[in-house]
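Shared between the two complexes below is chain A, which pairs with chain B and chain C, respectively.
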Partner chain A sequence: MAVEHPVATQAGDQTRIHNIGYRTYDGPRLGRSYATRSLYSQSLRGAYGLGRSVKSKVLPMLLFVVMCVPAAIMVAVAVATKANDLPVDYTRYAIVMQAVISLYVASQAPQSVSRDLRFKTVPLYFSRPIETADYVRAKFAALASALFILTAAPLIVLYVGALLAKLDFADQTKGFAQGLVSVALLSLLFAGIGLVIASFTPRRGFGIAAVIAVMTISYGAVSTLQAIADAQSINGGGSADAIAWIGLFSPVTLIDGVQSAFLGASSAFPGGVGPSNGEGVVYVLVTLGLIAASYGLLMRRYKKVGL
Partner chain B sequence: MIATESLSKRFPRVTALDRLSVDVGPGVTGLVGANGAGKSTLIKILLGLSPATEGRAEVLGLDVATKGAAIRERVGYMPEHDCLPPDVSATEFVVHMARMSGLPPTAARERTADTLRHVGLYEERYRPIGGYSTGMKQRVKLAQALVHDPQLVFLDEPTNGLDPVGRDDMLGLIRRIHTDFGISVLVTSHLLGELERTCDHVVVIDGGKLLRSSSTTDFTQTTTTLAIEVTDTDDHPDGTRAVRDALHARGVDVLDGSGGLPGAGHILLLTAQGDETYDLVRDVVADLGLGLVRMEQRRHHISEVFTDSEQGSEHSTDTQRKEAVGHGG
Partner chain C sequence: MYDPTVARLTYRALLGRRRALILGALPLLLIIISVLVRFLAGADDQTASDLLGGLALATMVPIIGVIAGTGAIGPEIDDGSVVYLLSKPVKRPTIIFTKLIVAIAVTMVFSALPTFIAGFILNGNGQQIAVAYTVAALVASIAYAAIFLLLGTVSRHAVVFGLVYALVWEALFGSLVEGARTLSVQQWSLAVAQKVAGGDMVTSDVALPTATVLLAVVTVLATWYAGQKLRSLTLAGEE
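Take a look at the complex of A and B:
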């Protein structure tokens, strides 16, 4: 541009700017894995609105607080009443708060991937050292981590509170560990489902609506069918097994099934009967299968989204 | 910088590139072609993002088929389309893109500040990109392509959507990328006139085939034709004719510039032999007491070399225009 020529007669401060010529860069170039990590940390921060506008911080932060406040109240109650146990199991907490978690996924999954599609930033990423797989992994890992932070934070509050209330240490630690495994699985599953749905639309609104729909409709349908099956089995229909099998069809009940079979949780299924160990294996396989399938679908999706 | 060897890309229905063999050296190279000529496909292959159906290509001496990541680390890319998120500032965006190119955090920030300054973004770089004008957005797009100090940049239609002034600024900037920054440039456009002013070398492709590849000077400086227009005075009612006769008397052949167009009979064309021709014309016109309305170089435009149905007919902006206002009358 014409103004940038180092003309001696130009005004004082401008001359100073112009005298700094172009400097080449001889420093290190850290390559693919560093770039992937950068994308991961940028996406993870973005999932809580950090590095973005004030407006985009409101919802994730609010949901984070909403997740933690009940835990804090429960701890306060437990301490005050000198209870022998916490009012809710570590494993049960996320199931109770599932609406908040779904809302978080619905708001942040589109934020993470739909924006890149909408504003066509994706080609810029792929014109740099990273590959399709790096992009998918970074985004997947970032949302799963964000969800883990969201779901594990209240468990930490519960655990610290339980120790302060001098509840049984071994018992609490075991429950806490089981809870962490459970929310880790939940984070991966929800992140996968949310990202797959969001990656198919460049419109954030559609993404939000679709994720909410999938999460709540599947849960609503499964709960209703389970309730019907439960009522029938009480009337002598003899379909208690059906409750367990129906539970495979929504993300929340899937996690519920896995943890009641293997992580010592009490099931939230009607009648309080979770899947048996045999059925539990199917639950675990389906959960892991879904996570893998989400990853595969994302890879396929981004193979097509090139320049 | 770039070398392709019978490079082909076929899609189920279209052949985007058809045995294209071209060598591009350092400097600013223009890649010209109509829409759909295969420009973007070529860039995609050169970035190692899309495998060629046959043939091979090298960028910076690296094979695109196997060394894609290494190429993309040393090459910058400015896409044709919009690619900027509106809710972040230019600084944040370019820093992020620098880190995506492998620059450590501190270096990414320093280079971002430098690069944005070089492309001409100052205080506004802290504001969200959503509020930028098209010209400013193009500069941000250019900055993200340059921020990691590549050896070569691909600029895909960088002047798209800019007004004439913005276009000139952008072309000047592209020129400086090579002269001041030492970065080689491959710039695509469907406007031949633009590339003529900016590039050292022009590659023309059409339908995926190479039409011509040669340096800009070959195109435009084979002949220099001067166009002259003078006023009439009472002494010389037909000034044009008087000048023609006077020049003829001094041994300079004058062509008639009319070409059958109305009003064009007042324009004289002659072949310039050097600075003496300009002096001669000046002296002749002054001796006759005529006013010199114009004396300009008629350069051969690239579009004359390729009389395809290119859209590059925008040559009214003659950079070499020299106008002299008459000496009395």
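Take a look at the complex of A and C:
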């Protein structure tokens, strides 16, 4: 016994540490920003079902096709009939297709965050170098980018088609640029709202229903109220201003108001009268405020999560 | 055919915790909007009809139907706890029938009742509009609950498909393509409402006999097939 124990130990204490050859990791450590970028790119791919099962590719791809096909048809018609203008403005396209965009947000926002909560993978993320802000920013940016791809792709189709149809280059480029700004705002706003709602439930199905309820019910309520206000103002009720103020209460009409005030779009509000410049400033402020608020709410939500 | 224990569990799954919040928020919003409209615009039959038809019947009833219909069985299949229910000596069609009753009841309470109240607030049931739309909501509740319960047993993405049907098919295609309206629960229920109202405020594109037959057939068929589906249910892991 004494030969195997060169170190003097107290009698009865058999504790010792063996070096059995584990090696420490001495390769490059890619760090926080790399982890954030990876989370971003994985979430973005996941939003279109890439790297996931075939079943989960079906819906996002289908919605993407549904978004682009009408644009392709319009271009085909414009080329064939040698029209002087596209049948739909660049800025109007997203408003017309808002049901599809809402469905996309509703299906992909819970996919992005609810499953992390349900399978308790969020604590695992935070055991890596990334922090709350990185997680929130990566998820927010990924969904906003996915939405931007969804909404900008048909605009590109329209733009390329318009150039092929030899429409006025300067005019089309201006409209295209205005359309891109508007869908970028729309993407940020919808992504924020969708993620905030989805991050509060680990149930995917419930998250989908909650997001779509907020999107469609608010739009349904606002457009109904606007229609009534419009009817009133025709009858001499003097509530034309009310139409613009009511529009503040749903995401779609909010974007509609912003672009008809500043991006040269024709308003889809009843009566076709968008907000004036002064009201337009309020619209922009509310839009930016909502985006900031959803970021803040997400940060608060993930300060403490599932531990 | 009706199992009280299954019913109790389903009620708790549907109305427990936050689910009840969203279910309660929608009707509350409808009533608030009705009060606002009555206050701002006064009582008007056309306004009442627009609001009840556009917001209550076209948007609120399908969404409540999706939440209640798929929520009655979807989450259980999703997290696998349905096996504990299926392993009990209860017939599977009985399970489906019980869950259907619960889903119908929840949809009716959260959609038809507020529609009725909103109708009375809007124009005090002038031209029977409140009653007509309430009847439409009641009828639609039955069909929606059955259809979405079936979807819950067929697909893991039941909520999405349910919403695609309710919003894209009924709202978007229904307004563009005439033929799509024949295959729309909303129009069937409107046909029933038209009969009740009698006037020309409530109109439907589908004749009453067609609508009632289609309603009955769809409800029965969906329930029967959901029962069959549950008999041969395979539990899949998360994608």
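Before moving on, here are some points about what is shown:
Keep this in mind: the second predicted complex is superposed on the first by the 280 of 307 C-alpha atoms of A that agree within 3 Å, B and C clash if a C-alpha of one lies under 4 Å from a C-alpha of the other, contacts with A are read in each partner's own complex, and residues count from 1 in each chain.
Rule of thumb we're sticking to: a residue touches a chain if its C-beta (ideal position, glycine included) is under 8 Å from a C-beta of that chain, and two chains touch if they have at least 3 such contacts.
All values derive from a computational prediction rather than experimental measurement.
Residue contacts after overlaying the shared chain place A:24 against chain B, while chain C stays out of touching range. After overlaying the two complexes on the shared chain, residue contacts for A:212 are found with chain C alone; chain B is out of touch. In the superposition on chain A, A:103 contacts chain C only, with no contact to chain B.
After overlaying the two complexes on the shared chain, residue contacts for A:201 are found with chain C alone; chain B is out of touch. Judged by the touch definition given at the top, the superposed model places A:52 against both chain B and chain C.
Using the contact criterion defined above for the overlaid structures, shared-chain residue A:231 touches chain C, although it does not reach chain B. Common to the chain B and chain C interfaces on chain A are residues 52-53, 56, 115, 119.
Touching chain B in their complex are the following residues of chain A: 1-4, 17, 20-25, 27-32, 34-35, 38-39, 42, 51-53, 56, 115-116, 119-121, 123-131, 306-307. Residues 40, 43-44, 47, 49-50, 69-70, 72-73, 75, 77, 79, 81-88, 92, 96-97, 99-104, 107, 111, 114, 117-118, 120, 128, 144, 148-149, 169, 172-173, 176, 180-182 of chain B touch chain A in their complex. The touching residues of chain C, when paired with chain A in their complex, are 18-19, 22, 26, 29, 33, 36-37, 40-41, 47, 50-51, 54-55, 58-60, 63, 66-67, 70-71, 74-75, 78, 156-160, 163-164, 167-168, 171-172, 238-239. On the side of chain A, the complex with chain C involves touching residues 52-53, 55-56, 59, 99-100, 102-103, 106-107, 115, 119, 200-201, 203-206, 208-210, 212-213, 216-217, 220-221, 224-225, 227-229, 231-232, 237, 239, 242.
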